[in-house]
Amino acid sequence: MTAITSAAPMTDDPRRSLGSYAMIGLLVLAAALPFLVGKSGWISNFTFLQLSLMIVYAIAVLGLNLLTGFNGQISLGHGAFFAVGAYTAAILIDQYSVNAWLTLPIAAILCFVIGYLFGLPALRLEGHYLALATFGLAIAVPQMLKYRHLEPFTNGVMGINLIKPDPPFGLPLSSDQWMYLAVLVVAVFMFWMARNLLNSRPGRAMTAIRDHTMAAGTMGIDTSRYKATVFGISALYVGVAGALHAIIFEFVSPDSFRFELSIAILVGAVVGGVASLPGAVIGGIFVQFIEKYADAMTKKISQAIHLPLELQPWTLYGLTLIVLIYVMPGGIAGGLAMLWAKIKPRQGG
Amino acid sequence: MEQLIQQIASGLASGAIYALLALALVMIFTATDHLNFAQGEMAMFSTYVCWQLIQLGVPFWPALGLTIVFSFILGLSIERIILRPLHGSPILSIVVVFIGLLAIFHSLAGSIWSHTIKTFPSPFPNVSFAGSGYIGAHQIGMIAVSLIMLFALFAFFRFTPLGLAMRAAAQNPVSARLVGVRVDWMLALGWGLAASIGAVAGAMVAPVVYLEPNMMASILLYGFAGALVGGISSPGGAVFGGFLVGVLENLVAYFGNLTEKAFGIYIVGNGEKLTVALIIVIAILTLKPAGLFGRTTVKRV
Amino acid sequence: MTALLEIGGLKAYYGATQALHGLAFSLDKGGITTLLGANGAGKTTTLRAICGMVRREGTIRFDGQPIDTMATEDIVRLGVAHVPEGRGTFVGLSVEENLKIASYGRRDKTHVPRDLELVFTYFPRLKERIHQQAGTLSGGEQQMLAIARALMLGPRLMLLDEPSFGLAPLIVQEIFHIMRRINEEEGVSMLLVEQNAALALDLADNAYVLETGNVVMAGPAADIRNDEGIRKSYLGY
């Protein structure tokens, strides 16, 4: 990602179009990657899975960014919608033999509806209260998934095992490479939609609500309907991410969707920068990176500073959150944008 | 019938814990308008400290006393060091910091004491007495200790100059400064007290739920529910609300059990505890945000 | 005789907005001084700046001691009592608690009962309502409570921000009369901000007229009261 746009309005700056060319080039390269590598094993299937997971988390973080960064609503419970999306995909594939890719729009619609319905009462809540309601949701989700009458569908604590779909049309790709490609395409589409949404009239209304709820109300924006809708859209994004996760990870179980997941999405959003689209990508990378490497990293850190005990990844999460709020409340994307703004006038002059 | 009484009695016992936690939450809320999402994990951490002291051979009550002091200093330091510089920050920043604290305490407890479940001693003798068919000795002890705590706190706030200053600072910080009250320190003291109350709640409930890093998650949610039922700005209401949701929680399980026996249909049971708490929280927030005893606040543009 | 309060080059800000632009004046011990001026002239801001309630620059000396970098509660503990705009009642506390809280910062608590008695000699009405919740008092009673609370601090200087605001003329008269008595009998100097210039000039010994954050006129209250030109151009009556 070279173009750091954050929430700034798009302009006809020539550098900006240069940036978008670079971005398109980068995306083409990313899409060509599995074909270039082929079955050489130069980049392992496992690495492709890691990349896919990063992209999936980026979509989830983007969903939270739309809600928190651009609409000012706080959610600590987006893991719940991730779970709904994942289980929707898993149950449809497992029990009804639905095509894996067809489950995405179904999960999207279902999560939008649930998100909208949850948002309806929640939109009367602000700030801390909404955080509390979603906090409760995040804590209660694993228990809900274990509910006895859902067991015929969810298979209870055992969870559901899935098998990755094979690449179609006899493409010369491994299934992990094919997954990566598919996830990438979905992600590009989702980001493109988000950008269009934010640049539209409703998108400007969204940010107006974030900045001045009451003033936006007096300007004739139906704030409650907007907030519920944004909650629905946000849940839709996270639900699609959840469905993708179920497909590429080939497994869902209640305990994959504990409070930790909601926190991970929040951490991703804060680290990347809540009011930024590229920030969501940074956040997604961070979430997967931490999940994969934090264990080893914390071990190294513990050893390096001769701690008598082994730190755990969550300690790193917590410290990252607190330190970022102090030094870079706009996240990495916000920080880079500020840095860029400082350098730019010097370049121009 | 006997079972119903038993359920209500044990509901009151867990309600006592919820009441303590609700009170801790209200104490921080009235002073700073923040909901402390880390309250539960702080209490859990304190309980581990208490357990450690007991392991080292300190008798239960002195160990609890030391834990209270430790927790007080811990809460006070968190306010002074971490939250003080963020006064006036957007809500998102504050919430994120609380979640950060939650994550840190949770994982530190796991690092230091491991995730294996530990038993925690009860300080109350296991004797049988009239009525012990309905309620255990530890449950009575829980209720008694909680009530003593609540009365001590009430007396502190009602009758001491420091308590008065803390109430004044919470109610009207600007005016409190103008009569020479060091409002910042009052907030920090409030945090310290809240952490201490949480420590007592943790040590009282640990013999029942066992000691492990996740022990407080559901209790915190019930504490929030209790605080909301009573009105998040009313300490007395929070205590009442805590007891109420404790009884409610047990009654829901009891009647769930009853319907299953009578009609063979399972609707709700112990496995839905958290969902019940969530429903209480959302119902109160949307239907009666001020709770039963709270004041409604008017928002200015 | 040194001045009780000396202010020089005082600037004050609300966020990025500057409200005072190098204000300078001083206050002698003993009397009542009033700050006059139109809305937005900076009267309230001046009082707030003295107490450290807004961001400020410049020199402020209280009884020779610089207080311009001190925190509000420390300034109060030196003997500067601020009766704020809107009275700042602790509405959820009883009248007695509202008064007792003011002695919180004082080391020696033995004089509290005596102080309470003293306050009640000035405001007997508060004694009748001692156990009532302060939020249930009438506006006039709450204003009395605010002044009584300030008196409980044992101050040498009292800053009063619009004590007449929203009150019936008869009650204002009563309160102003009590303020004069406190000034004379307890030796508490007063700095009074008033919208109602006529009222303030009747009470005060000296007056300053502010305009957009600067002193444009200073002198004995009687002179200003009698100068029709000043009255017409600055005070609007």
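Each chain carries a letter (A, B and C) given by its place in the written order, and its residues are counted from 1.
Note that contacts are C-beta pairs under 8 Å (C-beta built on N, C-alpha and C of every residue); 3 or more make two chains touch, one makes a residue touch a chain.
Treat the numbers as computed from the prediction; the structure is a model and nothing was measured.
Colleague: Of the chains shown, whose Cα centre falls closest to the middle of all protein Cα atoms?
Modeller: Nearest to the common C-alpha centre lies chain B.
Colleague: Relative to subunit A, which chain has the most distant C-alpha mean position?
Modeller: So the farthest one, by centre of C-alpha atoms, is C.
Colleague: Please work out the Cα centroid separation of subunit B and subunit C, and write it as a whole number of Å.
Modeller: 43
Colleague: Taking the mean of the C-alpha atoms as each chain's centre, how many Å separate subunit A from subunit B?
Modeller: Taking the average C-alpha coordinate of subunit A and of subunit B, the gap between them is 33 Å.
Colleague: Taking each chain's centre as the mean of its CA atoms, how far is subunit A from subunit C in angstrom?
Modeller: Taking the mean C-alpha position of each chain, the two centres sit 56 Å apart.
Colleague: Per the contact definition, I'd like the list of subunit C residues that touch subunit B in the complex.
Modeller: Subunit C residues touching subunit B: 51, 53, 71-73, 76-77, 81-82, 84, 88-93, 97, 100-106, 109, 149, 152-153.
Colleague: Considering the complex alone, what residue numbers of subunit A touch subunit B?
Modeller: So the residues of subunit A touching subunit B come out as 68, 74, 76, 121-122, 124-125, 127-129, 131-133, 135-137, 139-140, 143-144, 146-149, 214-215, 259, 263, 266, 270, 274, 309-315, 317-322, 325-326, 329.
Colleague: What part of subunit B is in contact with subunit C in the complex they form?
Modeller: Residues of subunit B touching subunit C: 161, 164-165, 167-168, 171-172, 174-183.
Colleague: Flag every residue of subunit B that touches subunit A in the complex, lowest number first.
Modeller: These residues of subunit B touch subunit A: 33-35, 37, 82, 85-86, 89, 91-93, 95-97, 99-104, 106-108, 110-112, 217-218, 221, 224, 266, 269, 271-275, 277-278, 281-282, 285-286, 289, 299, 301.
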